[in-house]
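Chain naming follows the written order as A, B, C and D, and within any one chain the residues start at number 1.
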């Protein structure tokens, strides 16, 4: 049982003759605790779902899965854009690969104050960092799912009173060309919604968000256009994808819209220029 | 490889000496195609998630898992209350058990007409049949998840215009004491909601459901009370549980309420009196 | 309430001035009953999750969501590759759009015979049809999730006895250039696995699949390469993507690999060349 | 918009005349950051899904949902059994209720050392704390989902070589009568599995866990019995429920077993005696 490791056969390291490069091979759906740096420079503790993979050359039988886990468990992870790029770099070195990919998805909290009473509470967002490294050049996409209220312009217009509204998810994925924080994206989106959400609302706050939503009706089409217009003007965003999904309160299905744009390349997608 | 079955050891049938009865043992999360009999006497095709289990006496090492699958695959399953009870009965016989349990969960469709235009479309509901048999006596619980619109009475009352509303799930579980159809439960619940849902609505219909919801504000507390009042008077219901969950359009969490009642036994739960 | 439709304002049809084309707008996560044509020419009933969307020109305020639902509810849907292309075509006509997209995801059953005893049972697979139409030209991708057994070559090689194995999902997405059936893809993949799965196995069958898996150890790397080699030679496949995910029995995370190839275009992806 | 709160109508506080007590009403599916005290006396940061509810007397129209959120956001939550009971108590006081219920579900990590190489990595478990308070008396149930390896005794016995094995979830819910830590329950269960899991294994470790699983074949029946035997003897456990679910590597469904016992009351369930 205590045979030295060098005497145990290493099947992964043997030669492969099928002449088929593997685009990505690695680990998926691993839960790991993380610290994330926020805009105020403080650390926020969370739990991430992690996917990590590398390209595998055609002549190699297998990758060394345990090295991905070693990298994750080497230090306490304090996640920032810079740290994420360093992890990409360390991964392809450790795995001896040309290309590598990392995805971390985690809940993230912002302490918000209710708009009238000022009472404070957390609101949760789902964040994903997607990274790719190729020949030493890292590229990162920041993806944020922002829950908001949407109120239907058609329903408001045609009805004698009321208007159907519902919770919606606006998902923004951006490839930054300059500094950008999760909080920046969230604020940008929440200003375009019929109303932003809060964990805790007193009656005076509920009155305000109800009336604000009624004053700001938006289709999914409006949401993605209004967010896209903001992202078009943002100097630190090279490419983006914005999606809106309304969990319709009058149907048992969603309304959905998406706009994608790469400012540098008309046919590019968000993840790779 | 073709050794007769009788020559292959049967580990499950050996004697167990730990003196521990197992409450339930069987199969879980099996997908299986089904036909369900609807109120019009027609068959509806669907796909169920199936759990089946039996009690295992303390002296038996294991149950025979393959027999559950054989029962399911023996015939095309045309599901009705009667057929379900017969399946419970057949299962405990085949597995030589005192007690047995079956759960089938499946999507179920009703063809609805929009309230003004009359255009027809399907709306989907999630149904679960839960059965238990003990010493030959079967008991069945019918559970239905009904998506509806809820509109907040507080938001309406305090706001100058508008009112937050959202999709809600009302879940009704009943132990029948007489004939009852899935369609009966759905109609009973939809009449108590701020509004029922539809797959397809034209503008004239959207106007109506928007105004109807505004005229019928309901908290989760109101939904469960109004449904409970109906179930209390229903002559074919011996016990029930009604839950309402609002996917709040102004928060990123749900509001939730539940009322449980066993008409025959003050401390009983829905599944067993 | 019964105002003629023409007198109710049509907000969606108004003019938009933001000059932003929307890539896709439509409905999402709608459940709908379907019939699917299988390789034997018979219909199989199932329930699909449906997404349908179209491109929206910059000058249009909104799409007409109800038309997607009308299309789905117009006829009983008997799904085949041809019918799916016709639905794409009908959708862009009805919605007056240049481009359109449809995704149907549904469980699909194959009646399999156990390898020794011959006992029959259903096994379920998850199928997705993804369609795109652009200026009248439809393109379809068929995606199939095939659950199999994988047995680890390293664990077998280094251990005195036994080898860890687990359930795996092999996901194959293909853009066909000739006739291809769901059943063809399933058989192609199952022949490359450590072993295929069955709903119902008697002891003689369990012996065979246990030994077969031990004789056929495969990493996720081997699975994607062996399936890719088959797809490379298949005359009716223009592009493909094959993924394998092992739900590792010795870890609480997955091992994962993917190979993508477009035979016609080195940089193309599966969905659009 | 800044009307004093006392001038805004309080619909929830009005009188209800339907004479129907609501068993539970409150909030559901709220995400909130937490600190959990571990056995070493250190704090572990995590993110919980929170459900909180109270009984509502028949004469009250509605509960005050915002108070649940206020309680959660009042302090940083450092979760221990004691703190959880205090929160139950504070909740029923704040909500002026007789009975109250709290459920927190969260990922929890243990730093484990691989059995031969000693390399360290995190393994994640899913924990739920369920609390109930009635007339001032709190009761708590600790629920832990422990992922393990299970290896089939039948497959091993009947096969010339190999044995199917897979990831399994063992779920243990206990009502303590004395001090008990999450770590205690996890160790108790892992010692009964075919093998425990690890995040990170080197080849020497993989050899050991493969052989250990082969030496320790267990049906779901064996798992629940062997864990139940341990829990029966544990002096700090008043009632328990143990479930095992094998995600079978030779099927596309699970095998499942459950044993429930209340040591004090033959008909009691885990949550309330």
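Criterion: a residue touches a chain if its C-beta (ideal position, glycine included) is under 8 Å from a C-beta of that chain, and two chains touch if they have at least 3 such contacts.
Source: prediction; values computed, not measured.
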item: Common touching chains of chain D and chain A; value: B, C
item: Interface sides of chain A and chain B: same vs different residues, half threshold; value: same
item: Relative to chain D, chain with the most remote C-alpha centre; value: C
item: Chain centre separation in whole Å, for chain C relative to chain B (CA means); value: 29
item: For chain A paired with chain B, centre-to-centre distance based on mean C-alpha positions, whole Å; value: 35
item: Intercentroid distance (Cα basis), chain C paired with chain A, Å; value: 24
item: Residues of chain B whose C-beta touches two or more other chains; value: 8, 30-31, 124, 154, 158, 199, 201, 203, 207, 252-253
item: Touching residues (chain side chain C, partner chain B) in the complex; value: 1-3, 5, 8, 10, 30-33, 44-47, 66, 69-70, 72-73, 107, 109, 116-117, 119-122, 124, 199-204, 207-208
item: Interfacial residue positions of chain B with respect to chain A in the complex; value: 123-124, 147, 149, 151, 154-155, 158-167, 195, 197-199, 201, 203, 206-207, 209-211, 213-214, 247-253
item: Complex contacts: residues of chain B adjacent to chain D; value: 8-9, 11-12, 16, 18, 20-31, 51, 53, 56, 61-63, 65, 153-154, 157-158, 219-221, 224-226, 228-229, 245, 252-260
